[in-house]
Amino acid sequence: MQADSTRRGFLRLATVTGAALLTSCSADGGGEGGGPPRRGGILRAAFPGFGAKETMDPHAQRQFVDMARHKAVFDKLVDLDADLRPVPRLARRWEPDAEARVWRFTLREAVFHDGHRLEAEDVLYSLARILDPKAPDHLARPSLALIDLRRSRAIGTRTVELVLKAPGAELPSLLATTGTPVVRRGYRDPREPVGTGPFRFRSFTTGRSFTAVRFDDHWDGAPYLDEIRIHSAATEARGSAVQAGEVDYAHEMTPTFARVVDGNPRVRIVSAPSSGAEGIALKTDRPPFDDPDAAMALKLLADRERLVEVVLGGRGGLGNDMYGKGFTYYPQGVPQRERDVDEARRLLRRTGLLNKKIDFYTSTAADGFVDAAHLFAEQAGEAGLRVEVRSGPPESYFTDMLTKGTLGSHRCGAMPIPTYLSQRLLRDSPQNATAWRHKDFDADFAAAQAVVDERDRGARYGRLQRTVRERGGLLLWGHPDWLNAVSHRLHGVRAAPPNTVDWARFDKVWLT
Amino acid sequence: MLRYALRRGLLTLVQLAVLAVVVFLLTSMLPGDAAEVAFNEQAGAVQVDELRARLGLDRPLVERFADWSGALLHGDLGTSLAGHRPVTGILADSLAATLLLAAVTAALVVPLAVVLGLLMGLRAGTRLDRALSAVLLALTSLPDFVLALALVAVFSLRLGWLPSTWVGADSGDLLRHPALFVLPVAVLLARTVCLLSRQIRAGTLAALSAGYVVQARRLGVPRGRLVLRHVLPGAAVPGVQELARTGDQLLGGVLVVEAVFAIPGTATALVDAVQNRDVPTVQALTLLLAALALLVNLAADLVCHRLAPRTEVLR
Amino acid sequence: MTAPAPRRPRRLLATGAALLLALPLTAALFGPLLAPLVTPADGAPYARGGGHPLGTDGMGRDVLGLLLRGGPSALGVATGAVALAYLLGGSLGLAAAASRHKAVDEILMRPVEILLPLPSLLVISVVGVGWRGQPLAIALTVAALNAPAVARLVRAAALDAAGSPVAEAMRMQGESRSRVLFGLLGRAVLPVAAADIGTRIATAVFTVAAANFLGLGMEPTSADWGVTVAGSREALLVQPWAVCAPAAMLVMFTVGLNLLADRLLAPAAEAGTAARAGRALAVRTQKAPK
């Protein structure tokens, strides 16, 4: 099942850097040159900070700054490539049985920072720690809950056999989600993180900074850098610091910032296309959107080009009401949905919505939510539907919006398509923003989980996606690019959306 | 004087106790709690409920407040609901930078405002007065972030004279890098100096017309002595009292300064804590800031008491 | 120096102040009527030119059109809040200063002092969450936040004047307390208050803007000057008008207001001995530096 990882890795590298060059050529003064990789130097990176929330516990991580820090110190069994396809990390390869119920993962030779060799027991310990019933803040717990730990076991020191409670063809990508790094057996104190990662932990100040030094015995080869420092900083500070050369890497920059540094030879924007989706969630369990025609009217009246131009500052792709454009399993050959105000009007009239008022519940919880809501309200007005925008508290928005409002703001970062389906569109999904609850849909998804053949499974996901596109409540209008800024000294940064293996990856970059 | 100070000290304690209750209630009135905010969009209701139970947020409000205040009496500020570490650690981490910044700003703003205020007051109505007034007012009405971003654009990005942020600055070692302070302090100065100098200007005008100054002038007290001994103390009363109260008004400005310059300070910590619904941290930070403000207030009143004792005599 | 001929510059000053005030006030009063007539269709975000005299903002809206619509809330909320703060806090402070009994003073001022160190951000958060997007609620909150400080300021200034020999004399002549209070103290308090009001409005404008910015006040898409300044700040170098035009309105308003307040109140203070004394002093100090 698993191809030779080195060759694939190389191909991926080539395509990804190619894409990075294409998308960032306008802002790239000196190109991705920089000559051959050089050893040495201290890399300073700035990420949006989260104050007291920041943590060094790799299983309780939630924010990008945490993930970047943990990525330096720890490795996962499996990670995701830019297409959101599982790629081997600490697991060299894996095989499921015919029903995808029992999986065998073969580990590679890796050493922890304290000299301890990675063994199957460390993996089982890590999974037990993630699934600890007394640790509700362990993020991956619900998605890994299908692992039956009591029946799972180590086979020798190099192989782990994981037994599932139900068929789970997506186990590798579940093991690659946030909050799944492998820790050393007996790891308890988050203040002393010991991992197999490319950097050895040195210090951490919550809400401020983190330093780690090169680990020469890393299984994937020692990093070029001597040391990395990952700082927390607000938007303005990240922008100034990277322009002033105080940091070499600034994570999560806005399209406006990209315009500010356009033509600046000292700063380059690394832009990763398809880093998720932006959209509007229509509640399908209540009128008017329990009628698919009403939902279709809204999908047809949205001016997607305008939304992308304004809300994403033109840095993104058009959405086609299906999650995961550019990711593996994305259905091919589905025509782009175009704006059709006349047809939208006709559907509005037929469903009795014309000149009616509906409620859009939004919030400042994420950049662009309120702008998109107002813009959409204007566009709806042009087709004869009055949309009234209402703002709620940002802190609890994502919980509130599950029940409040007829329309709501929706956004999702990069994740594999099956993960999206299971977290957003099943009856027991925690974030079912469109209130899409259909028994047969759930059954089809569950059936796909027992299909080991990737193509067959992909076709099944495609059918599910198309169903939602035609009848569901997801109006996905755009796929934002992910923008990071790097200084002219830093080389080898690959354009990759968050949650993928090459994102915030500092073991393969070098300074000049 | 000593009795006065003691009485005020006691009062401060009562004040802090009332504040603790008010702040606790206010924070609890906010929608969502630490458990809900912790996951944001990433978890389901079951996981949120479990975390809520573990953090003890499912218990009644009164019980939680009783626990918190009981612990406080034993000197325990509790554990943060967001980071699961002692609140004292959060205080220690954020306080140093802000106190330093505040101290440097205060050390500069007081002499500057006194000089400018006296000058404007003594020359009231002249071109100098008007020009100074207009410039200071314009500085105050300019939004903090516009001023801050413009200063960074010019002095760090274009000229490269000063660091643009505190990213990577070692907090134990700030005083060795005075350049770090220049831009943040400049922004804070622009905010405060106008308020303060205008108070001193008004005070100077009032003092000049006061009987004792007029009398002193008739008696032929030398000019310099007149200004320093008789006008300034009277003029300073409203100014000093104003200084003591700009603290909170400044908090918004400090927040912007901390964000723009990546200063890990108290305002950011407070806003973070409010957003995380981290009640113990909000409590501790508020009380600490309040205690500091009250102390400064007390000091200011004692100074005023000395400068113009009649304010108390009258009572 | 020009002690004998301050008339003309001061009239000039008044005119200048009036001119400074006129623009933002006119924009606030008549702008909303004018806006639909002069606002072109939306363009690209942060565009310059292209039929937009002042370019566009981040949503592609015409900055001039926004400028014309954003005045009433920007000036109204802050001015209203400070007026209310003075109504509440000022009367409280005056009453406390005038009270014959220390106990009354204590009862009036203690609650005020207890509330003084309450972080305004916290209060605004609570109010903003409860009454999201309502300018009236924001105005009331900003007023409530300012009232304690105003009360203390007014009380201090009033006490200061009440201690003066003139007040003593008035009291000895048997003038009623209220006459002493409103006749003399009112006048002594006014200059201090005038200086304070102007700057307080400036601060209030930005407290409101900060609340908006934290997502607690008005909608981030509102045309309010404070909101647009905050919302476009990132584009300061790309499309400066989106930030500078509304900021200039706010600056003109506060500077004009303060200068005018000085001018209007100056005769009260300066017609008497104060200004002359001050000027004479200044002149003499300058002549004889040692």
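Order of writing sets the labels: A, B and C. Residues in every chain begin at 1.
Simple rule for what comes next: contacts are C-beta pairs under 8 Å (C-beta built on N, C-alpha and C of every residue); 3 or more make two chains touch, one makes a residue touch a chain.
Because the structure is a prediction, the values reported are computed rather than measured.
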Remotest chain, chain A as reference, centres from CA atoms: C
Chain ID, smallest distance between chain and overall C-alpha centroids: B
Distance from the mean Cα position of chain C to that of chain B, given in whole angstrom: 20
Centroid spacing, where centroids are CA-atom means, of chain A and chain B in whole angstrom: 40
CA centroid of chain A to CA centroid of chain C, Å: 47
In chain B, residues with contacts to at least two other chains: 30-31, 145, 149
Two or more partner chains touched - positions in chain C: 129, 237
Sequence positions of chain A contacting 2 or more other chains: 235-236, 393
Residue numbers on chain C that touch chain B, as the complex places them: 1-2, 6, 9-10, 13, 102, 105, 110, 113-123, 125-126, 129-130, 149, 152-153, 156-157, 159-166, 188, 191-192, 194-196, 198-199, 202-203, 205-207, 209-210, 214, 226, 229-230, 233, 236-237, 243, 247, 250-251, 253-255, 258-259, 262, 266, 269-270, 272-275, 277-279, 281-282, 284-285, 288
Interfacial residue positions of chain A with respect to chain C in the complex: 235-236, 239, 254, 256-257, 259-260, 309-310, 313-314, 363-364, 370-371, 374-375, 389, 391-394
Residue numbers on chain B that touch chain C, as the complex places them: 11, 14-15, 18-19, 22-23, 26-27, 29-31, 121-127, 130, 133-134, 137-138, 140-146, 149-150, 153, 194-195, 198-199, 201-206, 208-214, 217, 223-224, 226-227, 234, 237-238, 241-242, 245, 247-249, 251-252, 255-256, 270-271, 274, 282, 286, 289-290, 293-294, 297, 304, 308, 310-311, 313-315
Chain A contact footprint on chain B (complex, rising order): 30-32, 36-48, 50-51, 53-54, 80, 82-85, 89-90, 93, 145, 148-149, 152, 156-157, 160, 163-165, 167-168, 171, 259-262, 264, 268-269, 272-273, 275-278, 281
Contact set on chain A toward chain B in their complex: 44, 46, 50-55, 62, 134, 136-137, 139, 141-142, 178, 205-209, 229, 231-238, 240-241, 243-244, 246-247, 365, 393, 395-396, 398-400, 429-431
